[in-house]
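Notes for the one structure printed next.
First chain written, first letter: the chains are A, B and C, and each begins at residue 1.
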Amino acid sequence: MAMLEIDNLHAKIDGDEGKEILKGLSLKVNPGEVHAIMGPNGSGKSTLSYILAGKEDYEVTDGSVTLDGEDLLEMEIDERAAKGVFLAFQYPIEVPGVATMTFLRAALNAQRKKRGEAEISTPDFLRLVKAKSGALGINPDMLKRGVNVGFSGGEKKRMEILQMAILEPKICILDETDSGLDIDALKVVSEGVNALRSPDRGMIVITHYQRLLNHIVPDFVHVMNKGRIVRSGGKELALELEANGYAEYQQDAA
Amino acid sequence: MPAVQETVEQVRSIDVDQYKYGFFTDIESEKAPKGLDEDTVRFISAKKNEPEWMLEWRLEAFRRWQTMREPDWARVSYPAIDYQNLYYYSAPKRPSQLSIDDIDPEILATYEKLGIPLRERDALLGIESAGGSRVAVDAVFDSVSVATTFKEELAKAGVIFMPISEAIREYPELVKKYLGSVVPVTDNFFATLNSAVFSDGSFVYVPKGVRCPMELSTYFRINERNTGQFERTLIIADEGAYVSYLEGCTAPMRDENQLHAAVVELVALADAEIKYSTVQNWYPGDKDGKGGIFNFVTKRGDCRGDRSKISWTQVETGSAITWKYPSCILRGDNSQGEFYSIAISNGRQQVDSGTKMIHLGKNTSSRIISKGIAAGYSDNTYRGLVSAHRKATGARNFTNCDSLLIGDKCGAHTVPYIESKNSSAHFEHEATTSKISEDQLFYCRQRGLDPEEATALIVNGFVKDVLQQLPMEFAVEAQKLISVSLEGSVG
Amino acid sequence: MNADIRPIRTPAEQALVSALGSLPETGGGRLADLRRASARAFVENGLPHRRVEEWKYTDLRNLMREAVPLASPATVARADAGARLLNGADLRRIVVANGAVVRELSDLDGLEEGLSIATLADALASGDAVLGQLGGIVPARYDAALALNTALASDGLVITVAPGAQIERPVHVAHVFAGDIAAASFARSLVIVGAGAHFTYAESFEGPEGLAYQANVATEFVVGDEAHLDVVRLQEEGAAAIHLATLLFDVGRKAQLHTFGFSSGAAVARTSLYATLSGADSHVAFNGAVLVKDRQHVDSTLFVDHTVPGCESRELFKHVLDDNSRAVFQGKIVVRQAAQKTDGRMMSRALLLGDDAEMDNKPELEIFADDVACGHGATCGAIDEDLLFYLRARGIPLKEAQSLLVQAFVGEAIELVENDVLREALVERAEGWLRARG
């Protein structure tokens, strides 16, 4: 059994009579694998990431998602996080007045507590943050500021990766992490992500453009359109998409 | 920061509706007969060995009070208060204010439970380790002051810090000069009642040029049943003086409502500064609105001298009814007034609170930051006045009041009055009301926080600008209180 | 105890009470009952004073002391009624002088399909069924100006726009006070805009400069589902006049309502606007510009009641105060528990040009629903010295620089008027006010 198994997932916006956004999506992610999901705007990529994280705006109408054999869809948002689901947001949310350090520590300890682990000591926590933030080129002053408040696009994305590094999730979902990044920021963020690749950890990298995949080289590439995966392949599929665009898939699915 | 962790701990460790200060201390007390007439006033005055002029002052207030009506303009509703069915004086039987060893051990134990060490050595150990500074404490138990710490050390600096009942005897000239000079005897129904029957409270005088060497603090505790508490505080900062004063309040859990009608007067002379912080956590009543304190308080500061400054900071989490408008009269040229407020209501609580900034002098400035959080079935109103009089050339005010709603059964209201009679005055006011952001909650929960932890964290962020104004020891306490007050508000 | 002491009636109150006393005691029908109830309410409560919260800053008992007779409609049917305002624009003009419609000065022919205009007097006489809606919008609390209007108005207009009708040409109701005897006039109108209809309604107010007349107008607007109504008001009453206006709105589902009030006339003016948003997902905007000088007193009071979900309300008022004038802004947004997803924003800004001018702002929020985004702001102060300096450093003389800045300040609100003709006319009025200032 794979670590993360998405089977025939159907979903729509909660309370909306309208059409499904996901229409029978299936995907298996094993530890150590990096899966890229590419697709045109509106294909349902971000919806998939929100549903995996448990956002309450969506309703799953069919199919299943399991993490290590446990039903993920039955779990609360924070329970999923404690089980190791991490979503790097496309647009990280600002939380004014809550210092980033406070936030990191609250999150880390909440997860540890849910897993029955002891809280981290203050010196250990400070050491951990110092080491991880240094590698991502995050200025200590930023950690004293409110979560994502007044951060540039690049800073917000680096902060997402820092959280990922500190929380050490099992499965990372990166939603359009490259959006809004210039080439230097893209490099820093990608290096941060690559440093987190490990045999125990799976990743789903959602992106519209191939350029991110030059930096984070995936094991598998999936093309998503109109709520399902329409083609899967190796990393060379991304290059093909870059050259030919999504047009043929959009026609296929129509 | 460990504080948030403690906050989260606190939330977990406490059951819904549990008010941690809700215990009752069983001690013998001496009371005035129930009800209020001139004899009650005479009884209180006699108990305090007051001079004749003080008794006259009280009687005048009492006669005036009989002609007044309870105000009804605030957005609060409560059953009629039967002023004849209250005790106006209750004192622990043992003599107070002799030495710490004469205090009933039960009272000492009460204050220890509340985290207020009265023994000076305890204070040294306890509070110094927490905040790095020492705090002198005056503790008021029902109607009387039971202990004032660090008196001698303060006296060396020339600072007078004592129960007001003592100050009336020992410093009659100072009291005569300033008592009622900021909140006149005739000011309002509750203040006038207080003037007639107040039994104790704190008196502070900081002489010219003296920076008070430590934080001063009063801890108020209502213990007895059916007892009104009417304390009176008077703080005078003479020219160039500085003092920071903290006030905390708790009461036992009782089914019936208890009345608290205090008056606080602050006088800042030229170049003086007074910082007054309150953490108000009177018993708010149970989840159905049974019991709780009716808190009708008149607090006013007079920036009498040029370049003087008065700053109010309040964290209001308790009481069934809060009716309270700490205000500044900016009389001196270039004087400054500040009001920082966090008001949290949950259950059936009703809060009507705010401030008045009266600009009289030239180039006076004021700042109002108010954060209201309404949850449960509560109503939370900000009511404020900013006014510039004709001669207040160059007056400046900035006001920001934000309200947060948690749940759809509560109400948040904003009623500001902004009056400018001077063209060079510049006033800016902004207010917002919104619910706690779903996006923020989702983000925090995706990182592993449960709904209550996430709410507490976001609310603490929302009120941060005000928390920062509190002295360290109080800020930590306040942060915990906020989380506890919101307990049970997240569905 | 300082209990309810019945104050002695002022001469103005006495005159009004005796005028109300001459109303017929009997007479059937809902409207007659309404008249009598309003009269009784006034006799009981009198004119509001500063201890009545809604009139805190406009103590009408004090500001309106002198007794004046009721305006006689007989004196008004004169061709020289002199409606000057908005004359240049292509609007369908109807003249109301001293509270009565003047047919010979009014353009009542060739009405577009779907538009019907009747006088209130005619409608009352013929027992028009549409009057079933008159007096249908009731403020939560007693309003003296409205009570007087309900009791005493005998003419005005009844305008209906049929569902779906798109009326391009705005209707302009020009209220004029005529004659040389200070008197009190009352006009009452009802405007019903059917579902999906589109309509623009303008009204103007003017009168002799030195005469202490009183004009009391009240208009009820029923805005149907998905209807679109623009209302533009130009208040330029004579400098000694008292102007009391009550605007009542009931707004239907997905309707769009925009109002703009320009107020520079009268010695004392009070406009009370009550809007009930009773259909979901409507969009309303209540904007205004107030320009006052000398000892003028102009009060704009708004009460916007969100009772249903998904509505958006916007209020922007700009005040310019010269000399010893006084302006008052009171705006209250109420969001009821059912009115989730309400989006309400209110802003009042004031520029104090005169050293002895006074601005009183009271913006209020009263909110019982949690999923809302509401806010208000209020500012007052002098013209920004830095801006003034910048303009002067570029060679613009002081007065002109002030005028430019004031124009920009007021312009921000006037810009929100959708109808081009009316917007330009208002810009012109603002410029005229500044020119007159010298």
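Criterion: a contact is a pair of C-beta atoms (placed from the backbone, for glycine too) under 8 Å apart; a residue touches a chain by one contact, two chains touch by 3 or more.
Given the structure is predicted, the values throughout are model-derived calculations rather than measurements.
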item: Chain pair showing more contacts of the two, B-C and A-B; value: B-C
item: Per Cα centroids, the chain farthest from chain B; value: A
item: Gap in Å, rounded to a whole number, between the CA centres of chain C and chain A; value: 56
item: Gap in Å, rounded to a whole number, between the CA centres of chain C and chain B; value: 44
item: Distance from the mean Cα position of chain B to that of chain A, given in whole angstrom; value: 48
item: In the complex, chain B residues that touch chain C; value: 67-69, 73, 390, 403, 405-435
item: In the complex, chain C residues that touch chain B; value: 1-3, 53, 321, 337, 340, 350, 352-382
item: Footprint of chain A on chain B - complex, ascending; value: 1-2, 4-5, 8, 437, 439-440, 442-451, 453-454, 457-458, 460-465
item: Residues of chain A defined as touching chain B within the complex; value: 53-56, 76-78, 80-82, 85-87, 89, 92-99, 101-103, 105-111, 114, 119, 122, 146-147, 163, 167
